[in-house]
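In the two assemblies presented below, subunit A is common to both, partnered first by subunit B and then by subunit C.
Take a look at the complex of A and B:
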């Protein structure tokens, strides 16, 4: 049990959430995760962190300032990411999941880790 | 033009890795230090140094792993201020090779490890069977082989 277990548990308890990860922002390596069987945490962490870094840079390049919340819509689900310079939080959710609730929970989790 | 590989079967797996992982340098070598493929180097002398160091680090790390854990370490990562180094072994039908790559903030350790796993699989699939009677690697042949490989990489073959 790590310092992040409670945060991950509260994220994964949300309806429609399939898994959640705490990821090292710079390395893209999972620090802790709560995933369902069949999900490859290393791959999700590496790619989500890369995507988030690029999204932040894109927003900065466009003069839009910092990036708070990032959401990727896929065919059968969503990837929600929030984070800072050191750590990012990733949620893998079903398409029917309530993104508003997930966003609130992610913001709360990010605040508790800050 | 700099040719990337000494043997053509390495080209596709290496190109895919470099493109996907976004690394700045990559090197595939035989454990004895002979270069087989490169990406991003512009001078033969740099390749020679990198190969010699990578082979030495690989053999030292293997021995250290054996002494500490009873088995060789599977990879090594060093994070510098701006650039990072990743070194690991890739098994092929022709035996083990050493892979060294350098990346900066355009990539990450997670991406490099992920795409290296794919590279390792692709390389093993692409590798031809070993020759029936492989030429023994003798120290007197080493420099000749090294120069031949470097000449092939830098278009002087």
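Take a look at the complex of A and C:
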């Protein structure tokens, strides 16, 4: 059991959430995960971290300040991310999942890890 | 906040005629739980059909859901109950503005201005007049703006900005102004280069179908990205729209659609 187990469990308990990961923000390597979709989380972690980095960079380029919640919406699912300087939290969810609740849980989880 | 929601829900279960449905629906709306918020507001209205705050609440929920006409109808009801209700007039003007019915939007705002000296109203009238002027010019020319930087200008409010990028992050149209007034479109484009490919790879890996949008919140704006129309130089590119952080997410979708359809028309014309 890692320091992140409780956080990941609380995220994955949300209805429609298929998995959650704690990822190193800089290199996209998963630190811990709770996945229910039977796939290797390495690639999800790397892609989510890369997308989040790009969002951050573009926000910096536009002088928009720090970046908070990010959501990628696809036809049948969502990828939700929130990050700090060192780690990011990633949630993979079904399209029908309540993104408002996931966002609130992610904000709470990010605060507890800060 | 979660505690409040629980408390209000419990109170409502105990006493279905309680007015706590108002803060409960508002909190759910702010949390983005729009369907649930709507359900709470509608049930509240069944008990309090003449409560203007309840109609106003439902109108804001409907606007966030993108159901602009229902929002308009609810605000219209507020006005019947409380003639001159400033929030309702602003809301109705906002709907007409979003629907491109700029004359009606201006008329509503002028009506409100007649009753109250509100700086927000004056600013809104300025925005409508500017948009109206640009739209008229575009229609009169029977064409889209010749300067690609102005392609989306008539669609956007003062606190919104939009660009169309190619797959390498190069700016094809639009402008992206920072708070200082500098056009930082090229910098934003460069930093977003490759996002479309990565989003495609991520969604493919997860088996969740093609990606539709990426939204991220920053301190100064909410930014939405969507795939550019798959035509010509825009294929594999991005549409980027930034709006004030207070903009309800439900309003960003219709805005993104309008930008996308304008980009489509422009690309068709340029082909």
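What we mean here is this: the second predicted complex is superposed on the first by the 113 of 114 C-alpha atoms of A that agree within 3 Å, B and C clash if a C-alpha of one lies under 4 Å from a C-alpha of the other, contacts with A are read in each partner's own complex, and residues count from 1 in each chain.
Heads up, the rule we're going with is that a contact is a pair of C-beta atoms (placed from the backbone, for glycine too) under 8 Å apart; a residue touches a chain by one contact, two chains touch by 3 or more.
Given the structure is predicted, the values throughout are model-derived calculations rather than measurements.
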Superposed partners subunit B and subunit C on subunit A - clash or fit
fit
Should A:43 be classified as contacting the first partner (subunit B), the second (subunit C), both, or neither?
both
Per residue count on subunit A, the busier partner among subunit B and subunit C is C
Once both structures are overlaid, what angle do subunit B and subunit C make about subunit A, taking C-alpha centres and a multiple of 10 degrees?
120
Would you check which partner chain A:51 touches, where first means subunit B only, second means subunit C only, and both and neither mean what they say?
second
Touching A:72, do we find subunit B (first), subunit C (second), both, or neither?
second
May I ask you to decide whether A:98 touches subunit B, subunit C, both, or neither, giving the answer as first, second, both or neither?
second
One more residue to check, A:26. First (subunit B), second (subunit C), both or neither?
first
Closest Cα approach, subunit C to subunit B, once both complexes are overlaid on chain A (Å):
9
Overlap of the subunit B and subunit C footprints on subunit A, listed as residue numbers:
43, 47, 50
Of subunit B, residues touching subunit A in the complex:
105, 107-111, 113-114
Contacts from subunit A onto subunit B in the complex sit at residues 23-24, 26-29, 42-43, 45-47, 49-50, 53
Subunit A residues touching subunit C in their complex are 37, 39, 43-44, 47-48, 50-52, 54-55, 57-79, 92, 95, 98-101, 103-104
Where on subunit C does subunit A make contact in their complex?
1-2, 28, 31-34, 176, 178-180, 184, 187-188, 190-192, 194-195, 198-199, 201-203, 205-221, 223, 240, 242
